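We just call them A, B, C and D in the order they show up, numbering each chain from 1.
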């Protein structure tokens, strides 16, 4: 049995098997750490009816914007869709896209739980708010909590700074954000990196995402929408 | 009632005096975010950002921006010595887990019991957005809300019961407005300071629940002008 | 029944053939731990340890031990290229979260349904210890139990129902013993191989639940001798 | 208000206020990353009736052993007390010390939950075993799970390799183990380090435990029991 390399030559190849109806997580926050090349590849690929998880919903045509513009997304789980997410907001107002609005830390925690084999947890966040609607409430140690379920996806699209050929990852400054936790929570994690280095050349103490969580790698010049 | 109230900058300046030396602090959108510029000299505050930074310094200078080093408002910032990077999930271990000393959020309404509504105006267009506010409100060791005392159309924002969608219940410790500093206590709202030129009675008139105070209420600190 | 069975080393050697190239693998105490020495040439296995290591290499040579670089059995090890360190909590995200390709544990009893008992002999003195076995058993993508087919006093260890305290229910995929390789399937136990010199009937006699097989059952691979 | 330095000059000073009845977490695994100097200090201090959390229960007089020998511990939560924990085992057999035996990953996860403001979570680990006794069971997505509660402590005693004067920490190889998660789960975290460096000299990308989780630091030569 020969082991397949995780390294893909092009963005189009790395996304080639994404089917209609897939669920996909997208890293990125505040303009940093978005897998914009992978997103562009997915836009070209044209898979539709996607269920996505992302902190926000794009900014104009940038970041997730192009996927909304192309009407590839049916449902989104987000913490802060954002006023700049023009295509999303239009479709949301017309009832053409479904939104699950989630507190940001709970969005992280639900993904982490999925990656950690934890199906549900009690949380103090959102108690007594719209977020609690339809959720089980329970008083634990005298405080009100609601039950939150873990959330996974078929794919995570993430952006890292550097990878080795096995898929060990390091990130750059605030561009780390959602990327590591999403890598743990998806069946298949695709990463775009700016640079690929020899196996063994990343400091084992400083690797942020061990390769066990990474399945496909493409090296490509970073794209940023400010 | 045309007496000048504090400006947004002055609210931020007054709020900054609530920060103890060495504190780890998260600032939300709006007036809270202005506070960073008014940290009193001689103390160090370690600003926290939800994207995984502890120890943010001032905004980056023009031409020196690194767009991988941004705060939660997407503004390029700098680091101070001792800063660290971590994942968003770890950033929220800090918010929700009760590790941040002080957090400041803007407010649309604050109730007598310290309930906060700050993320959505009822009937507003669009999807709205929660962001990190709910995790922060629930977990902050001390939550300060900075806001104008009344809305643009003159409605009272400190109310008996919020009718806007809530961010969190019983979470606010202190309210700093353009008219007053008010502490939320188990015995109700305590009026700690009033804006220069205003009387407690005038502030009470613009506040729905009862304000408790005794004797002369000090003016909001002069350094805040 | 005095025919020679496989030795513990040979069980480990046979079990090692179950490891695909590039797999991330956790090995428990006992026979599983011996497996690392028998990884077939030309393939690379990334051994995982609960204390936060992925990519352990062979034991450290005498005189070259680093006692901060130990496996879960406290044995000083080495690293292979691509190894990383992380916290115990993250190591168990890997175990419980279903990220490890193969895990091997020792066994006291395995049931027909794949229940595993491996951490405590009933009535034994002392507190016992669970360690990482329960997280590993629940989360492994593929769980292989390596053990002797019968206990020292001749009792059958592959049973209809475990009466020892359980480690996890319905978790075992494959059992490698000194007499056989057996797969746990929804249709019952499938006898895949028998030790050289043994017949399926002889193995069945030492196994409580029914073993399924058809035709000639291959011998446990020769390279395992 | 003058900020107090986190740096203590001696081990005896750093543990001076530990009261009888305190709950304390202890890092360390496999002989590595044990705060052995802090433990020795606590043995000298003599606080009794302690409730402790630790993967194991010492090895002879070493690691936690001395605290059992001194009969300072009333209750222990552990994953693998260990055959070498002679004092613990003796007292356990006589019913003189209370043990809560917990799967190791769940021990980590319960501490992480505490540090993350999560009071309880459902777990697939221990279902159908002795560990499930007395715990709520629930089927989630077709799989059985049990409810586990978070666990915190008054103090965490941990060992790191290097600290800066603020308390940012890096660890050494497998000596990281339980130390970072315990730092997040205790009211007050005490750390013994081999070296203290200038603030700003640790790589911000490679800091494992940010200083927010660290309250007291003492520099002391590492002690190891092999």
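Quick note on the criterion: a contact is a pair of C-beta atoms (placed from the backbone, for glycine too) under 8 Å apart; a residue touches a chain by one contact, two chains touch by 3 or more.
Owing to the predicted nature of the structure, the values given are computational and were not obtained by experimental measurement.
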Least step count from subunit A to subunit D, where 1 means the two chains touch: 1
Chain pair with the higher count of C-beta pairs in contact (B-D, A-B): A-B
Distance between chain centroids, defined by C-alpha means - subunit C, subunit D (Å): 30
Mean-CA-position distance for subunit C and subunit A (Å): 35
Shared interface positions of subunit C, touching two or more other chains: 85-86, 92, 96, 138-139
Junction residues of subunit A - those touching two or more other chains: 109, 112, 116-118, 123-125, 171-173, 204-205
Chain-to-chain touches, reported pairwise for every pair that qualifies: A-B, A-C, A-D, B-D, C-D
Complex contact set, residues of subunit A against subunit C: 1-3, 112, 114-118, 164, 166, 168, 184, 199-200, 202, 204-205, 207, 210-213
Touching residues on subunit C, where the partner in the complex is subunit D: 49-53, 66-74, 85-89, 91-92, 95-96, 115, 125-135, 138-139, 165-169
Partner subunit B, residues of subunit A touching it in the complex: 29-33, 55-57, 78-83, 88-89, 92-93, 99, 101-106, 108-109, 111-112, 123-131, 144, 171-181, 208, 224, 226
Residue ranges of subunit C in contact with subunit A within the complex: 20-22, 24, 43, 46, 48, 54-55, 79, 81-86, 92-94, 96-100, 138-139
In the complex with subunit D, residue positions of subunit A that touch it: 109, 113, 116-125, 140-141, 143, 145, 149, 170-173, 203-206
